[in-house]
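In this document, chain identifiers A, B, C, D and E correspond to the written order of the chains, with residue numbering beginning at 1 in each.
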Amino acid sequence: MRKYISFIAPTLTFLFLLILWECLVIYNKTPLYILPAPSDIALSLLLNYNDLLSSAFVTFKITILAFILASSLAISLAILFSQSRFVELSLYPIAVIFQVTPVVAIAPLILIWVGLDNAEFAILILATLVAFFPVLANTNLGIKSVNKNLHELFSLYGASRYQRLVKLQIPFALPFILTGMKTSIGLSLIGAVVAEFVAGSGTSTGLAWRIIEAGNRLDMAKLFAALILLVILGVFLFLLMSFLEKILLKRWHDSSTF
Amino acid sequence: MLIFNNIVKNYEEPVLGPINLKIKNNSFVSIIGPSGSGKSTILRLASGLIKESSGLISYEDCVKPKMGFVFQDSTLLPWRTVIDNILLPLELTNKNISKPKDKSLMWLSRVGLDGKENSFPNELSGGQKMRVSIARAMIQGASLLLLDEPFSALDEVTRRKLEDDLLELWKVNNITVLFVTHSVTEAVYLSERVIVMSSSPGTVVEDVVIKRKVNNNFDQTEEFMSQVRYLSGILRQEGEGK
Amino acid sequence: TEQSDDIVEENNLIKVVFATDWKAQAEQGGFYQALAAGLYTEKGLNVKIIQGNSNVNVPRLIASNTVEFGIGSNSFIPLNMAENKIPGKAIMAIFQKDPQIIMTHLSSNVESLEDMVGLPIMISDASIGAFWLWLKFKYGFDDSQIRKKTFSLAPFLSNKSSIQQGYLTSEPFLVEKETGLAPKIFLLSDYGYPSYGAMVLASQKIIDDQPMIVKKFVDASIEGWRQYIYEDPTLGNELIMIENTEMKEDILLQAIKKIRSYNLISNEISQGRNIGLMTEKKWNDFFTTMSRNGVYKKDLQWKNSFTLEFIEESN
Amino acid sequence: MRKYISFIAPTLTFLFLLILWECLVIYNKTPLYILPAPSDIALSLLLNYNDLLSSAFVTFKITILAFILASSLAISLAILFSQSRFVELSLYPIAVIFQVTPVVAIAPLILIWVGLDNAEFAILILATLVAFFPVLANTNLGIKSVNKNLHELFSLYGASRYQRLVKLQIPFALPFILTGMKTSIGLSLIGAVVAEFVAGSGTSTGLAWRIIEAGNRLDMAKLFAALILLVILGVFLFLLMSFLEKILLKRWHDSSTF
Amino acid sequence: MLIFNNIVKNYEEPVLGPINLKIKNNSFVSIIGPSGSGKSTILRLASGLIKESSGLISYEDCVKPKMGFVFQDSTLLPWRTVIDNILLPLELTNKNISKPKDKSLMWLSRVGLDGKENSFPNELSGGQKMRVSIARAMIQGASLLLLDEPFSALDEVTRRKLEDDLLELWKVNNITVLFVTHSVTEAVYLSERVIVMSSSPGTVVEDVVIKRKVNNNFDQTEEFMSQVRYLSGILRQEGEGK
């Protein structure tokens, strides 16, 4: 029982919410075009099965790519920061700049830069920009939180910067990094969708495309079906990260009871 | 030769110094003194982990010797098993030792931890952690050993065994040992020379060479006892003088 | 006050809300003119205009009775409403032909819509469900040509071979202003695109319960448009520039000129009469074109998407 | 010198980047409508001083409100999670759902729900949704990372849940929370802008609106002036948080050398 | 009365037990034994911090007494100053003590840390941290004191002083003390009863009542010496038996 609770608890909540939603819609007679009931959405999901799944796959692909790119970029940057206070002070604000620049606003520039024919690449860049900051901030915190005593141990043995990095700072920062990544993976997904909204092309039609399409047709059930797929994807990716975290932190870290 | 020349260490207030010391190569020197008198600080200064506020620390030939350090609190990497913790110095100094694993298992057994090689630090008792830390300091064959109360978390049997191991190691390998302890008997039993510190700020109040006519069962001799009594007396004065 | 109570007496004026699909601009000038010149007040209406943006979904606002009136950008929208049984319909059409254009640079060797097949075109989200469908079945355009039109013209300007959609009254002027060269324009309606532009949609509730209010709104709006395009637009423009501080007079004036010269709201013959006109024939044309090409099911109750009861043709 | 480096380093980088930008634009003769030079932007900033500043203030206000709301919400939620594993398992996925639902997609619903007249409120809700997750994830990690020994100490003295929370978990998690907030404050700003993009009615006149309108009118200098203001706001808020962090963590935490 | 009834503790492998013990109220009981034999585990079981794998721990009247615990590693809150760390138990038990600040300053001075009240833990030496931890355990007037090698990081003078303070406290206040140490002399000197543990898994191998004819200078008497020798002998057997 205790073993399955981590599976049962969220499932129960979901079921409860779905039923509540269904009942509210039925009770209030909310029309379909304002808020479809879960049953309508499920029906639409079945009807548009093919479209929606292939779109979800497109979005999934970009999300994963953006996530990997963003994480590696952010971790590398944080590592760079840890090597030099000057670099950190100089570049951290630049990272903040990228974080706070809205995708919508820079999409045109990126499109010009990569060329209209590389819209997918533009999406990838934009999604990466959306996702990288939490990993950066958390890796930075993690590396800085390394115990002074452990640092002294490494100094004593004349550890090179590289050794200190891979044998001390990274392992120590791992729980921090993973938490950053747990935030980041959701942002990658959001980023992939938003970027498709603002810079997409007709050649790759992710979930944003379906949302727009359904919105144009006022087909709310399909719109919500796409949204639900998106959310399922998000929760799935999050659970994946949680699982990875559990494996990586297995025995030693206090937070790994999760 | 390790030379402390007019060393002073201040944090917000002065905590140590001025200290003048010469530690000869291959000597075994103990430092005793009240808690807070700066014993750990001296070791950290000697190893270069912290910088002196003024004065100069120099090594013979101006080369920093290879150091092993047992910190007062066992400083283990929580994500590494016992054996991987012990292997750390070898990894860091890139020393190509043949059969490092065997060597570390040998040390593990010497500190009485056979079978614990795959435990994680948080699964060890206080004394066991300390022993892992000792094994780690020993494994790379340092020429200067800095030991900060390495045995104080250990029961007397284990402690006595490790003391003898340490003496053996020192005699065979031509290494220099700087040994912090709060046990006067331990200091007298082990070392050639004992330095007594007083506190606020920490200074050297006594610096004696231990006389040792016999080596076997030295701690049963009157010579041993009298030196212990002498040093204890000084320490007591220091403690009560406060 | 609760706004879903939709109609609230205030100084004996009846309050109605009108949601547009974009920030205040000349393309909605007549409504602002009517508001500024007090035409609505004369009819006993207190009209509140809410500016939209590309994300405001007007049909949904109407469906939820959040607003009484709103703009439907093209003929697809009322049909989509009918298809989804959304209670509301088109009651008048401002632009007799949809001012949608596709533009290229002057130097481009594209000479007609057919030439664009296979080339990347920057299209807005909303248009993907509208004229793009028509282009697809009429000329064989394909979704893979679509690139997102951002709010900025920079991607168009920076690449001499790019193609982008636009609004007759706005983008060409900006392009010319910026580059000194007017772009090549392909007005879709010239190629037979059968849509109206900028229709007024009304919620079914107000049509059923208070047709008089609808009528008054229509009449005042028509008069507003007449004044705005064919008389003095100053009052309307002033209000627009208050509501949208980024709007500039030169843009407004050129748009008015274009609306007049292209006979967007009223043809050469009627010159200011018959504003807002819709005909069943044109609706029928539109629906049959679309349904024949699979955009809509043939049995769609297309007549539910509009009502002609509030506008009448005069000679 | 060392004291001022945290001020000099970023300033130098900025100056360097600005000069590089200016030179590149001049050298490549980049047309204004693609990428204006810093000097053009500065000029536009001066010319539109009033408009832009008042818009920046509107955005600033929403950002701060959303940030406060998001942080308190996220911290409360994380605290709730720490009280019951079951609640955590049930609600964490819901939080993930809110994180991964694109603002663009739920904006219409929120707008209908709060009413068109309350567009500002809708924007606030949306911006809050965008910003809350990093604080949640980090507070959660922080609370979970509390040293086992310290927990035992509190158990020993029979500390109540409340005492454990305020005297142990929160202080311990503080560095984690603050890092989450450093990410979050940027997201609040982004959220405020994006929400205004998607849900702003004519009455809201924040920076997003300036950006769109300037873009529509091809006034790139003004568009960039608005973007630059946005970025300055973002960096300012970030520095504010860093400063707060520095004060709060002052002496004890290893990471507080920042 | 604190009763251990057939207590067993297993992690992956059995580490302790079965243990049967009765600790009388107001007694002073020491536990000695090799490192890793489960001394700390016994204290943690007694305090309820960890749960036994089998068996039953019960208190007299079935009420958990108020406990003070000095952990083997000084467990201080790094974000609190020394004085605030000492005040923690009072805050947590909501005890309305008059002048808590004065009381904690008194304890601070008793452990020899006057003037350190506003330092943070990371500014203290190892022994100083331990002493703060001792002061903290003492301040709330617990009726059961669990002390896990509290003095092993201290120099002999401080240690002797604190030992005498502890004895004084015990005699005056009717408290029960469970004291872990690895010093046989300390155990014999302080306690009424000494329990000797052996390891793997930890069990009780000897449980003796200390005979004490005189109280003054007990540690100079032959009675004292003979009991120390006896216990050391057992320990040595245990250590070498392994």
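Definition applied: contacts are C-beta pairs under 8 Å (C-beta built on N, C-alpha and C of every residue); 3 or more make two chains touch, one makes a residue touch a chain.
Quantities reported herein were computed from a predicted structural model and do not represent experimental measurements.
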Q.
For subunit A and subunit E, which third chains touch each of them?
A. B, D
**Q.** Neighbouring chains shared between subunit C and subunit E, ordered by label
**A.** D
**Q.** Distance-maximising chain from subunit B - centres being C-alpha averages
**A.** C
(Q) Report the inter-centroid distance (CA atoms only) between subunit B and subunit D in whole Å. (A) 51
Q.
What's the distance between the Cα centroids of subunit C and subunit D, rounded to whole Å?
A. 37
Q.
Using the touch definition from the top, which residues of subunit E touch two or more other chains?
A. 73, 122
Q: Could you list which residues of subunit C touch at least two other chains?
A: 57, 60, 64, 150-152, 154, 158
Q: For subunit D, jot down the residues that touch at least 2 other chains.
A: 34, 104, 112, 147-148, 197, 211, 215, 223, 253
Q) When you check every pair of chains, which ones turn out to touch? A) A-B, A-C, A-D, B-E, C-D, D-E
Q: Show which residues of subunit B lie in contact with subunit A when the two form their complex.
A: 44, 47-49, 67, 69, 71, 73, 75, 77-79, 88-89, 91-93, 120-122, 140
Q) Which of the residues in subunit C come into contact with subunit A in the complex? A) 57, 59-60, 63-64, 76, 80-81, 83-86, 120, 122, 125-126, 128-130, 142-148, 150-152, 154-155, 158-159, 162
Q: Provide the residue numbers of subunit B that touch subunit E in the complex, in ascending order.
A: 11, 32-36, 39-41, 72-73, 112, 123-128, 131, 148-149, 152-159, 161, 182-184, 232, 235-236, 238-240, 242
Q) For subunit C, which residues are in contact with subunit D within the complex? A) 3-4, 17, 19, 23-24, 49-53, 55-57, 60-61, 64, 66-67, 150-154, 157-158, 170, 174, 177-178, 243-248, 251
Q: Quick one: which bits of subunit A touch subunit C in the complex? Just the residue numbers, please.
A: 31-34, 104, 107-109, 111-112, 115-117, 119, 197-203, 205, 212-213, 215-220
